[in-house]
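Working notes, structure below.
Going in written order, the chains are labelled A, B, C and D, and every chain counts its residues from 1.
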């Protein structure tokens, strides 16, 4: 199917209904499709099933970057959450998401990072289920089939995860939707891009077909339905990142 | 009170378990310090769960303004790029972990049992707290080394008969490096290998729930 | 004998099933010809099982000496690079297939049943012959289109009640384009949609084992 | 573990015993570690378990390239074969491997390409088994657990594959063993590199650490135990490939 190029984040998610499921990666500022998340917040879509690794605000050291949009900001819109890191209880604080979980407004499915990413990969790769060695003897084995396999180890049967929408953050795209990433911002983005019915990628730059080296493409365009370029002053743009960093000391070497 | 190893000394002792060319994942807290206390002459490639292998030194706070958000470790701390570094996706990163390709994971712990059961992801009930990648690291790394304080803030043993906190994984730990001792754990129970300078085996045993085997010489910890 | 569609015409008719921007895998034989007979104005990205997406035109035999061994398709034929092409590993390539990301696979067949069962990987016993990637393509592609001759060299129907040759996959075929007809197959049985110029539905039925439904107008094949 | 660099193919496989298992990719001339295969043939290692996609000689059109070393040339050394393509019966010919299979000298486990690569991936990724939709109702379901999963489809339980040795063909390596590939030569090489106890890579060029772009590395050095550079006149070298191509017409454009 052909990749469509959009210029407005609002239009890109125009058909995103209440009750839909969404996969989105976030490693602080890195790898997070902030503009799409912001548009989803503006649209006030309700009753989301949210599949994401961490639900914590972006931070640098002890400074929270409240003006960076992450899944943390969607708490009120989430009916079901699948994650390895629902909040900030490790800091002795209760986040809005954790409060909703405690109040029964959001249902939590707690998984480990590794099981989560492999379930997403299975969803994208047409695998019906897989046996994972992680989680044996822990809370994540609840309700799962446990089985000793040929090597004599115990395994849990894990099921694939897919979603209606995938919000992807990549570095560059060509007009066919081929994507390359930057540093740790790659993260789970390439895996999520395989497992969602509608995949929307926001990127720093959209280039002409042929400008990306075929050997270096990480997500081929086959997985990308919609493409939108982050504007110069957009969330997560080079300019926005410089502005965020300007709040911190710069003595010593320049990177 | 008798002096115990500092967190830096615990990290330095744990780092002695690493070999030149190893690929290693470091957990939060004391484990993270290992990167700064590697034995002289060895190079180790550090692994971050979201898909970075062989990254460079952490950016000191005085230089955060010059850092790059796409170069952060698993604890969201800025690092500098390093020649030979590689990025991969998070699926490939956990394939490395689960597939037993990491030479070691050095992790923190809330509790460790003498059989090597590990509880390290929550101090509370199972439903809060973040699991992160610890369950995968605990079952996947070729060696799991715990670097921690020997007892809690309240002086209670963290090396226990049976873990009371929610488990991360069963029978996964190979070695504990604490501020008082180096202890091998596993199916045959805990064995005391080294103790902090000035401490006696009996004093360490008194702060440890399961009975420590002391077959073989108990040496003084060096780092 | 009445004229039938040539292999090129079969390929051209099968190619009419493709849409601009589709990602498509072509099997050996007639399916491979589809690449040269795409409808005007549409661009299709071809997929090769070992990990190539969107490769360019095949290198004609007169230019093989100028080709590149790392640029061969699934049938080991040289292709030219094309802007927008991407490489991936074979695991990722089959994830695409199995995960239902390919818009279509156009394959050859030894036999197809009216319910859409496909036999296409061996003419012999199961133990010889090469399976290749056909089992994965047959269950994975969003649409499976068969492009083939309607009958065997010996005039026997290839569209059968039940396949006699070893199966590739059950109930996987959506559409058959033969040199005599276009036939939809599936759980409700085969339905004749189009027939070759100069042929009657009864003549096509006589060369087809299962009874063809003819609800809806039967048109003449165009390409 | 540290990657060791060798200069001799013989030394690289010195500890390869009779009866060992080997994974190797081959797509004709492309992606095939010809020098390592040649060394293994010279060493006359016996009773191999060979895991490979195709056992056919390299060819261009109807010309077979008999001087290209592929797994086809190892037939006499193989006790067990796991493959999707054991020979050339599709051409009405019986290959040496097929003859051994018929005579009971080599045991054949026939799998599809997709199941084969996913089993290797599972082996490398610590997955105990997975449910595959391919092969239902076919010869490959023999002896396998069949099960209907949540989506109502039937699946087969497939088991992981690993091997003692993996021979890898890559394009360039740095001295840490990080690898990049070239074109379709990538193939199954990156997957096999994850699933073997001793991974040996032959490459066109070994460069200094830092010369490969971190964003483009396909196989990180963690997977590579031994590294050896193909000599200028070696099998599969640029020179050897040019020589092979010189047998075919060159009229028209140069690539």
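Just so it is clear, contacts are C-beta pairs under 8 Å (C-beta built on N, C-alpha and C of every residue); 3 or more make two chains touch, one makes a residue touch a chain.
These numbers come from a predicted model, not from an experiment.
More inter-chain C-beta contacts link the pair A-B than the other of A-B and A-C. Measuring from the averaged C-alpha position of chain B to that of chain C gives a distance of 55 Å. Per-chain CA centroids place chain A at a distance of 28 Å from chain B. The centroid of the Cα atoms in chain A and the matching centroid in chain D are 34 Å apart. Among all residues of chain D, those that touch two or more other chains are 118, 121, 125-127, 132-133, 181-183, 215.
Looking at chain C, residues 87-88, 94, 97-98, 140 sit in touch with two or more other chains.
If you check each pair of chains against the touch rule, the ones that pass are A-B, A-C, A-D, B-D, C-D. Across the interface of their complex, chain D is touched by residues 19-23, 45, 47, 53-54, 81, 83-88, 94-103, 140 of chain B. Across the interface of their complex, chain B is touched by residues 1-3, 121, 123-127, 174, 176, 178, 194-195, 209-210, 214-215, 217, 220-223 of chain D.
Residue ranges of chain D in contact with chain A, taken from their complex: 118, 122, 125-133, 147, 149-151, 153, 155, 159, 180-183, 213, 215-216.
Of all the residues in chain B, the ones that touch chain A in their complex are 48-52, 59-72, 76, 78, 80, 87-91, 93-94, 97-98, 117, 122, 124, 126-136, 138-140, 166-170. Against chain C, the residues of chain D that register as touching in their complex are 25, 27-31, 53-54, 59-61, 84-87, 89-90, 98, 101, 108, 110-115, 117-118, 120-121, 132-140, 181-191, 218, 241, 244-255.
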